[in-house]
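Order of writing sets the chain letters: A, B, C, D, E and F. Residues in each chain are counted from 1.
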Amino acid sequence: MKLIIAIIQPDKLEEVKEELYKKEVNLITVSEVLGHGRQKGVTEIYRGAKESGNLLRKIRLEIAVNENFVEPTIKAIINGAKTGETGDGKIFVLDLKECIRIRTEERGSLAIG
Amino acid sequence: MKLIIAIIQPDKLEEVKEELYKKEVNLITVSEVLGHGRQKGVTEIYRGAKESGNLLRKIRLEIAVNENFVEPTIKAIINGAKTGETGDGKIFVLDLKECIRIRTEERGSLAIG
Amino acid sequence: MKLIIAIIQPDKLEEVKEELYKKEVNLITVSEVLGHGRQKGVTEIYRGAKESGNLLRKIRLEIAVNENFVEPTIKAIINGAKTGETGDGKIFVLDLKECIRIRTEERGSLAIG
Amino acid sequence: MVNSGDTAWVLISAGLVMLMTPGLAFFYGGMVRKKNMLSILMQCFIIMCVLSLQWVLFGYSLSFAPGKGFWGGFAWLGLQGVGLEPYADYAATIPHQAFMIYQAMFAIITPALIIGAFAERMKFSAFLIFTLIWATFVYDPICHWVWGVGGWLKNLGALDFAGGTVVHISAGIGALVTALFIGRRKNLDSNIPAPHNLPFVVLGTGLLWFGWFGFNAGSALAANGLAVNAFVVTNTSAASAGLSWALLEWFRNGKPTMFGAASGIVAGLVAITPAAGFVSVIPAIAIGALVSLFCFTAVSIIKPKFGYDDSLDAFGVHCIGGIWGALATGLFASKAVNPAGADGLFFGNPKQFLVQGLAVLITLAYASIATFIIYKLIDLFIGVRVPEKDELMGLDLTQHHERAYTVLE
Amino acid sequence: MVNSGDTAWVLISAGLVMLMTPGLAFFYGGMVRKKNMLSILMQCFIIMCVLSLQWVLFGYSLSFAPGKGFWGGFAWLGLQGVGLEPYADYAATIPHQAFMIYQAMFAIITPALIIGAFAERMKFSAFLIFTLIWATFVYDPICHWVWGVGGWLKNLGALDFAGGTVVHISAGIGALVTALFIGRRKNLDSNIPAPHNLPFVVLGTGLLWFGWFGFNAGSALAANGLAVNAFVVTNTSAASAGLSWALLEWFRNGKPTMFGAASGIVAGLVAITPAAGFVSVIPAIAIGALVSLFCFTAVSIIKPKFGYDDSLDAFGVHCIGGIWGALATGLFASKAVNPAGADGLFFGNPKQFLVQGLAVLITLAYASIATFIIYKLIDLFIGVRVPEKDELMGLDLTQHHERAYTVLE
Amino acid sequence: MVNSGDTAWVLISAGLVMLMTPGLAFFYGGMVRKKNMLSILMQCFIIMCVLSLQWVLFGYSLSFAPGKGFWGGFAWLGLQGVGLEPYADYAATIPHQAFMIYQAMFAIITPALIIGAFAERMKFSAFLIFTLIWATFVYDPICHWVWGVGGWLKNLGALDFAGGTVVHISAGIGALVTALFIGRRKNLDSNIPAPHNLPFVVLGTGLLWFGWFGFNAGSALAANGLAVNAFVVTNTSAASAGLSWALLEWFRNGKPTMFGAASGIVAGLVAITPAAGFVSVIPAIAIGALVSLFCFTAVSIIKPKFGYDDSLDAFGVHCIGGIWGALATGLFASKAVNPAGADGLFFGNPKQFLVQGLAVLITLAYASIATFIIYKLIDLFIGVRVPEKDELMGLDLTQHHERAYTVLE
């Protein structure tokens, strides 16, 4: 099992979700984050005081999947989020040792989906 | 060492915290996330425009523990968060390679607690 | 490759960022979290009703790095965030199995930076 | 004869009192959890809609049409005969409809006060029916008794300048009945919900203070010395009560809070309401300072002790504050301030104090019983409380299919 | 001779109407996405600045200086000859400048209404130029025709008490032209953006309702019975429309919403605007109840069908509501309410209804064509819409280099 | 003899000025970090409470009781002899208490302006004591000198229509002394904190603009031509300054900002305050346009250069703006506008300009020294600044044990 973390552009969430559903990846956790990367931010100015606005709004996805779903999930995220512009984001894949569904206390692969 | 991530219902946070403290798991990090899963959301309507409200508010817990605390922590979360209704959430367990306490620069097991 | 997660004091973010840039760690993801730990919170009182304010505002950093960057990154975070007071926070290091840059679909080490 | 200055004053006062209900919406709305914010705002604004209509259609007639009985009767239904000429028995220098619309704003805010008691768990449909019936069978009669031509409490000599009994006690005791009838919110013990947005509470407080000048000074129904007196004592009592609540917290909890000061300000405004046209500035300081003591005790000592869930303290602030205000009028009232008024106990007229007490008791008795009966009936037919699942998910999503704030975008 | 009561009323009314633009700023601002909040507020406040100056420098002269032609002419440029003595042709009991500044507030809010159509995608520079030209070449002439001494629509006998045609139809149709000209926002289909802060929308609604008393009752230009009538019907129509919109949603979507009630309230205020000084309370209920039916249909059925992106429904609410109000004036107007007015169709004078219809058509025709030409010109020179990249990142950061809310601290 | 129109106008003006302090609370509150939001609101509202009481008990007497000395003396303590009959020396057509309560609102907002200088780091207890002493020993005397019967600056012929010296210069220079005395906020260099909620800043701006009509036009103390003139120039100056600040930013930083426009609007309102009853509309445009130039320079060039932490620019906007306004009065004042006033330099009376300059210098000198002494004393006894730990955690939690917004629920 793997835990896939993806950082994407805020306005790409809908498309990524649609792509994921197509691949039958229906269970996801989403949160709002700020990212600093290659993409340049806009300088903010408050009463003359400049702030290098180097933190940009991004969306963070967290998706636990079984091995056979890893590649499809990655593909789906890329299909939904890729524009070719800097700022598209990243996907991180981690090993998932255990997964438990609280409602049923099931464990492992069948708890994932 | 393990890093335990749990997604629970917002109104279960207090109970889960109490359960965790009982098991002497006192150090936790909490954040607000949105989840999409089996649990159905409510459709939102703004001036006639419908939005399938498929993202529900959830709470995300992040807890780093030593091996001997893994099962107690899982139990505690289940005790606090389980209602048997869809939407109760999931627990994910990851391998934690290293842990550092910034204040003391201690590493490993003793930095966890 | 490793995924480094750090929980720091809110007012330390700027200093930590500067330290990271010095070490040429320029790509980071930041989010706001609440933490419960040794540091005591302030009790909140609303019309006489007390609330043990045991959740304190913290900043969460997520940084994916190549092996040779792990130690420098940890050092940088400590340099920026350490005050010696309880509440300084923690650093967690996880194994990162794969990393993909969405824009280029590059994978592995070169996708990290 | 219509006087332009008086008319201007009553019209702008009507506007100010109208603004109090949106003010109340934010005062209350800021106190609840995010997931119930819109339900509070909606309840306040729907009340503004429904009761504005009820008032012109029959509410005004029931409340103010001349009559000696339970109600003012039906002579003025649909504002028949309520024209643009003055109606001297109520106000000799402004168009009759100016008085009518000014009073409409009082009829609106009164039931809105009760929202504080059933916040976060009332079914919207039940709320709507409750409001309409309550306004008609509780507010309109009491209003007639106290202010209407031929009203029997008026004839009894009870003083209520701007609505201590009519508005605050009737709604406040209604709130207590509500809290007892509808019961506590779910898992209240595991976590007492903190106000989700205190700046909104403060915004509401500011608008209420501002609007209350129209509420009290407008009740002079003319731009004259009496209005000025009401204006001055209103501001003084609010200030005195705000400070006194903050100091009470300071001594008792170690720190004064903004939420506390805001609560005190509102309590001070409530307490001075019945007295504004009868007392002078120094008594106003006392009235304000003491009301915070009473309300603070009710809210943070008595309420937790008895465990009723008067969620936003509509009873604790408005009923307690209103009672104190009505009685204080019986203590501090002075003909020196208002010859048309009466002297109170401290000015050698104990009878007035007793009359005030009597008016309070009658209002408490009638409003509580009537409110209970109304709930019983509604509960019988459609039920007053939302299912637990909806309560947990929040009323905004479940009752209105909308969310106050976006989380992601 | 200056009357102090009338002057007080017109001055405070001017203040109330001024407050409507900040109210509109929050009403609109709460509907957009976080990233565009400040752009809406900025557009509203810059309009307050720019048009206040335009008005005293030449706008007032173009609109109100006596004259039979397209404009009122230049006699009063820089307020020459506009002094502190009454100018009887407009208002005999208040200083001329009081009338001038009261009208200034109308000139400000009218173009601000159009913001609802180009929200979230208009270039700030283009917006600024558009506003100035539109106010000068669309608002000022129409204002002169309908209200100015010698205005030809006025001479025609068209009734518009407080700005149904002048304000709401002109801005509302301008909004439709805007939406068609500037086009839809980016990826609107993948996700319809939810209002980022509905409590702000409600705050705006409250301020608009409050301010509208000045807008309509102030238009009597005196604190008299007429003002009172306008005040009463304004409140009644708002209430009736707010309730009716909520009920429509209830039947159609299963639940009433706060956003819907707020939309209805504003629609009700729009519809009663031209009628406020001519109709009585019962017709006001009908005007309000029906306007929500029309606007609700326009907003949630017609708009999606045709797919134009009138983002915040400036056309759907103000143009539709304004048309209905202008026609309703032709139906319900009665000399019994205002002898200086006229009787409408239902009071035996069909001619009035036709005149109203004519005035509507002329306003629609002129405003739409003029608005289109203005856009064409601006687009030619500097372009009206921001680049897609900026639209995605949001106007706050890209047009103003600032953020409405901090995310981390 | 009491005039109902004038009384209505002064009462509503008092209400409007009262509303300015909540407006200021949001204007300032939106600028600080989340963790300090409530501390700002609390400071503003506690000032409303404390000074309302100080004023009726002794502040009004010290300020306005007839007397030639440092103060107005104690004749009117507890409002003895301040009744509901007019007091002709101040206002012949309204009840004396109407004048008193109207002035109370000025006494409240003045110290509240200083909050901008010690925001985010002042101890609440020290703040409370400071405010009370400052109001008594700085505001009350200056108020007496300039406006009181027998006040020596008044006799000198200094013109200050609505409080340029009394309100803005005294508080503004007090703010500079504050900033220098209390020192910079912690780690300001690593990150300049961005305003946590600019929409609240804008809300405050809207309420301030609205309230300022009462502040300036109300100062005519009658609903007459003078009030109208003040109303018109107030609106014009605010507009001119708001636009001018935005344009300055546009040229200097590439983009105009909402925060900038809001700052300009307030600066324009400050500058016109002393002049509102003496200048006409065209000069008002100049006064507004230039004040933004001066304040913008002070705020975004001088302040960073010298490095004092006038956190929310109370000095940069109110002192600089107030000085310019007072001097501009000496330039643009004209008897044509107000026969009771004087001609300024541009109308052939250079002396007036010198008198204005003198009044400014005296106010600056006295207020700065007195403010410094007050801080020294308080610092000696209890200390003015919170411990660093508390400053980092935020004043809401550490000074008031509450949080403005819930994070999780």
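Everything that follows uses one rule, which is that a contact is a pair of C-beta atoms (placed from the backbone, for glycine too) under 8 Å apart; a residue touches a chain by one contact, two chains touch by 3 or more.
On a predicted model such as this, the values are computed, not experimentally measured, just so you know.
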Where subunit E and subunit F overlap in contact partners, by chain label: A, B, C, D
Third chains touching both subunit E and subunit A: B, C, D, F
Chain pair showing more contacts of the two, B-D and B-C: B-C
Rounded Å distance between subunit B and subunit F, as computed from the means of their C-alpha atoms: 50
Rounded Å distance, subunit D centre to subunit F centre (Cα mean): 33
Contacts with 2+ other chains: residues of subunit E: 3-6, 8-9, 12, 35, 191, 194-195, 197, 203, 253, 255, 257, 259, 401-403, 407-409
Sites on subunit A at which at least two other chains make contact: 13, 30-32, 34, 44-46, 55, 94-95
Chain contact graph, described as a line, ring, star, complete graph or other shape: complete
Subunit A residues touching subunit F - in the complex, by the definition given at the top: 44-49, 51
Touching residues (chain side subunit F, partner subunit A) in the complex: 191-192, 194-195, 249, 252-253, 255, 257, 259-260, 263, 296, 299-301, 304, 313
Touch list for subunit F against partner subunit E, complex: 3-6, 8-9, 12, 16, 33-35, 93, 193-199, 202-203, 205-207, 209-210, 213-214, 217, 222-229, 231-232, 235-236, 238-240, 242-243, 246, 253-259, 261-262, 265, 281-282, 285
Residue numbers on subunit B that touch subunit C, as the complex places them: 3, 17, 26-31, 62, 64, 94-103, 105, 111
Contact footprint of subunit A on subunit D as seen in their complex: 407-409
